[in-house]
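Structures follow.
In what comes next, subunit A is part of two complexes: it sits with subunit B in the first one and with subunit C in the second one.
What follows is the complex of A and B.
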């Protein structure tokens, strides 16, 4: 007698309740600050809601009370897009390269892992010091970009490992046997097959960069990225403006996440349909 | 690493290679090298080199306005002489130990639920995403979202007073070690869930059935089959959580309201005061200690061997 033939064991319900509590722990506080961001003009940092208004969102745009939210937002989006593109190109290439052992592959692997677990502030400190000693200026699009890549590239590489671990190389071999050039094989077989994983890497690259703080803190130069601006706000802004900026930035993250996930899901669905059609055609042929 | 080993094994198959295969292998290796080179160059430039600079600067001298190239040990000597150093490390280690224990218990149970209790693949993916999505949103916002909860007039206190459990607000909730730990657990549990989930997902379910058929109870099955086979995930998750907590300064600053400090938050103060060489020395010592901790975890669990399974 197997468990799957019976009803759910009591432990299932215990675990489900536990999981539910964890999800509440994960999302509850976030939902609360989104609600509080609609606080009335005279409301405070906590409940009760003193009316409902868009006052604190307006305060974000007016820029007089808080720093340069709009400018830092533009910089963060630009930087995230840049990081995302570089992360995709470099980690897809490296992922393909890592499929065979080569001289220095272990070094490259450990370099990436060390870069991943090194405290972010240390990386930023090192880059800032190096540029200082060289007499160069730091800036979000130079040192900031480099600092963030030390965080997104190892992640991209690990995702590529997971994706390529399930990748069947015989499709590539078949392409070669059918006379495809290296480029044709890459662009018409490998790349389309890896596309969902690549979107995943792009999604991680974008969102990790967009929210990065520790590595960027010492390397952004004179102009702040959004997380740095928010970090500055946490120390001197004691109004629901803080929640309003939190709500806005989380909505941006969610739009990016949903766009990434739905495009992955769409690709998978189309593939499943294609497979189904192929099987149907095969069946028809064998009957006819 | 699993990938490396697999392909290496595949390439070195049982039959002796022909000259053509060897030539193929060589050109393939060259291609691999060029494919990986850009990533390695970026990491060397923005990670490897800067870390060497930190090491070099830790031996430099400094004045109020500049850093002076030199080779002195004063920064280290000051660090070891100061009583503050030990206190900071004890504080950081305390946070790391508590957060590790809590995230391990949470992460193991969540992964166990997702792998062994959720039967439909669609549900499994969906619930897994529910756990991972917050990771892709702002850490600072997730951290400050505890303020309206834990504050003196926050929701938690209002609820406790409303229920008649307490007559006055609990003061220790916000801007305390408690708040720091809550925020860490909130931010970092995911790093425990994902690797353990990956390990558990690879456990052959028939092993569990065999254990049950042989008369093992639920607890014994978990203790003697699931736990040992999840070792790799637990080790990787532990490495993530421990390094994240030890390397943090932002959470401890905000959530303790400046009352607690960590090694890295003290280092950040030195950087703000332009005292780069002492900050660099502190970073070097921290890296050594964290590396020892990671090496200790890897000694207990051979992650590479397990990953190559």
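What follows is the complex of A and C.
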């Protein structure tokens, strides 16, 4: 309170300036790309805009000119959904399992987390080499899936640890006490109560997979995922189609994130609204 | 033999804890503890945190398994039985109401698990909500209720299984003072009405004494004293119980002489007390402990410069705090040996000649009000008494 009377400390301005630069650095170039994606049919890859059109978005669909954008987009969405589901199932189960300390649990945990610090390219390289050695084909839904899970599972596990750390065991004990079987306890109490956290894990799994490059590069096999396709395009496509790809993929990312956050917010609003009314009830009673 | 199959069980709610020890990794929470709680009793397990009271409750409920020993309910061992078949129900300290379900669905939860139809379980749940006067809150979420209302929902939810034994883990600790006093009366009324066994864990002395038939005072995984609420308060057996339950001052001294079933005892601080010893004949020099009730003490101011009379059954000290409690005044004296001594004086007596903080004062009592404590007494067959430890 007092500080605001005397003005803000200099650290406030330092951080505000830094944050301003950060925002400019992050969004400035992207906004330029979005604007340039509406370049007229005769325009080039740089300013000035030569008219405004949706020409380059249309070019995305015609595979012949720029490679398999539509196909790689479908693969990436499918892979991201698959990664997301597997990450959720395994992280939730592992999180619940780790609540009980078992012999070697700390070791198992560090073993799982260690893959976060391993260089992604080498993880991918190792998997690709191993498959070649075994005479197996690499593919986006086999080796690609596995390589991406080494990246998403540790994240999912860490999120579940945070979620479960705040989850009071007595809810489950109460369910058992009231005659719930193990499965009933899980489906009627544990799962619904953990749902916001689980949606968070799904969201993380999806977005981490959707723009994963390093681990997927050598494991996706003959068919590219979207980030690989874009990477290839940056080196050999010399038209604003590249910008149109950037605009479309960003929109997809935003849609996924917004959908996830809205569902979490909806669940929490339901509970928060309850709390608000409870305070009103209490206030009412203390007056009575 | 009682048929203990959960639903609608009305068999005996006698709970027997037989020689139970519970070890967690490297700590012993409960040591060779035995306790019998008769059917239909209201029993409080009282002790500081970490004394093992909650562990006992959880072993009766089936949330923990004794390392050794047996737990019997209605004459039948319940070890290894699932919670629902024990005929017990538990009310959790945090109530553990499911936040994503309405009040009605919370109460009906046990019936749903049992596969009862929607209409049937809602009708029964409404019945119980009416009993706790919350029928108009059926459609709310738990977070929309006040603490006291949540507690009543938790009670209704636990009672829907018709338990023989209700286990309450610190049921009042989440409530404010006003509600706590009201709800403890309510719990007692419900217990009387249902006639089932209540086992209530608390660390609040007055709460235990207010609600329970039997109070079990615990320390470090053992029972210090199990007795009626009145006896726990007026006739504590050990210095630990006297100090923990409160309402008593503990006097300590060594025996100088014995005459007419009364021992003359000298305290380390130089005061002299008379302890009633009955048939016992402790040796000269033996250390004895006695308890004197706080409300049986008269405190008088000493005139400045007056030499305190080295009388019998009195202590001299400096007034440390004075708290007016309405119907009585709580006066705390600092004694020469750093021990704290508390007197509760009736308000009318106190205000005739009030004291000031820092006054030298003498506290007197009548020898017949002193109760001899067990600590340090020789008893055949009993292990040597452990040293009394002060609680908090």
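Basically, the second predicted complex is superposed on the first by the 253 of 288 C-alpha atoms of A that agree within 3 Å, B and C clash if a C-alpha of one lies under 4 Å from a C-alpha of the other, contacts with A are read in each partner's own complex, and residues count from 1 in each chain.
We adopt the following convention: a contact is a pair of C-beta atoms (placed from the backbone, for glycine too) under 8 Å apart; a residue touches a chain by one contact, two chains touch by 3 or more.
The model shown is predicted, which means the values in this text are computed figures rather than measured ones.
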Greater residue coverage of subunit A in the superposed arrangement, subunit B or subunit C: B
First, second, both or neither for A:42, with subunit B first and subunit C second: neither
Touching partner for A:236 - first (subunit B), second (subunit C), both, neither: neither
Which of subunit B and subunit C A:32 touches, first, second, both or neither: first
Which superposed partner A:179 touches (first subunit B, second subunit C, both, neither): second
Which of subunit B and subunit C A:222 touches, first, second, both or neither: neither
First (subunit B), second (subunit C), both or neither touched by A:193: second
Doubly contacted subunit A residues - partners subunit C and subunit B: none
Subunit A-touching residues of subunit B, taken from the complex the two chains share: 1-4, 7-8, 11, 28-36, 38-40, 42-54, 57, 67, 106, 109-110, 112-114, 117, 119, 127, 129-131, 133-134, 136-142, 144-149, 151, 153-155, 158, 186, 189, 209, 212, 218, 239-240, 243, 246-250, 254, 264, 267-268, 271, 276, 279-280, 283, 286-287, 290, 294
Residue ranges of subunit C in contact with subunit A within the complex: 6, 61, 63, 82-84, 88-90, 92-94, 96, 98-100, 109-110, 112-114, 140-149, 157-158, 160-161
Subunit A to subunit C touching residues, read off their complex: 168, 170-171, 173-181, 184, 188-189, 192-193, 270-271, 274-275, 277-278, 281-282, 285
Residues of subunit A that touch subunit B when the two form their complex: 2-4, 8, 11-12, 15-16, 18-19, 22-23, 25-30, 32-33, 36, 45-47, 86, 89-91, 93-94, 96-106, 108-109, 111-112, 114-115, 117-123, 125-127, 129-130, 132-133, 146-147, 149-150, 153, 157, 161, 164-165, 203-204, 207-208, 210-211, 213-214, 218, 227, 230-231, 234, 242-243, 246, 249-250, 253-254, 256-257, 261
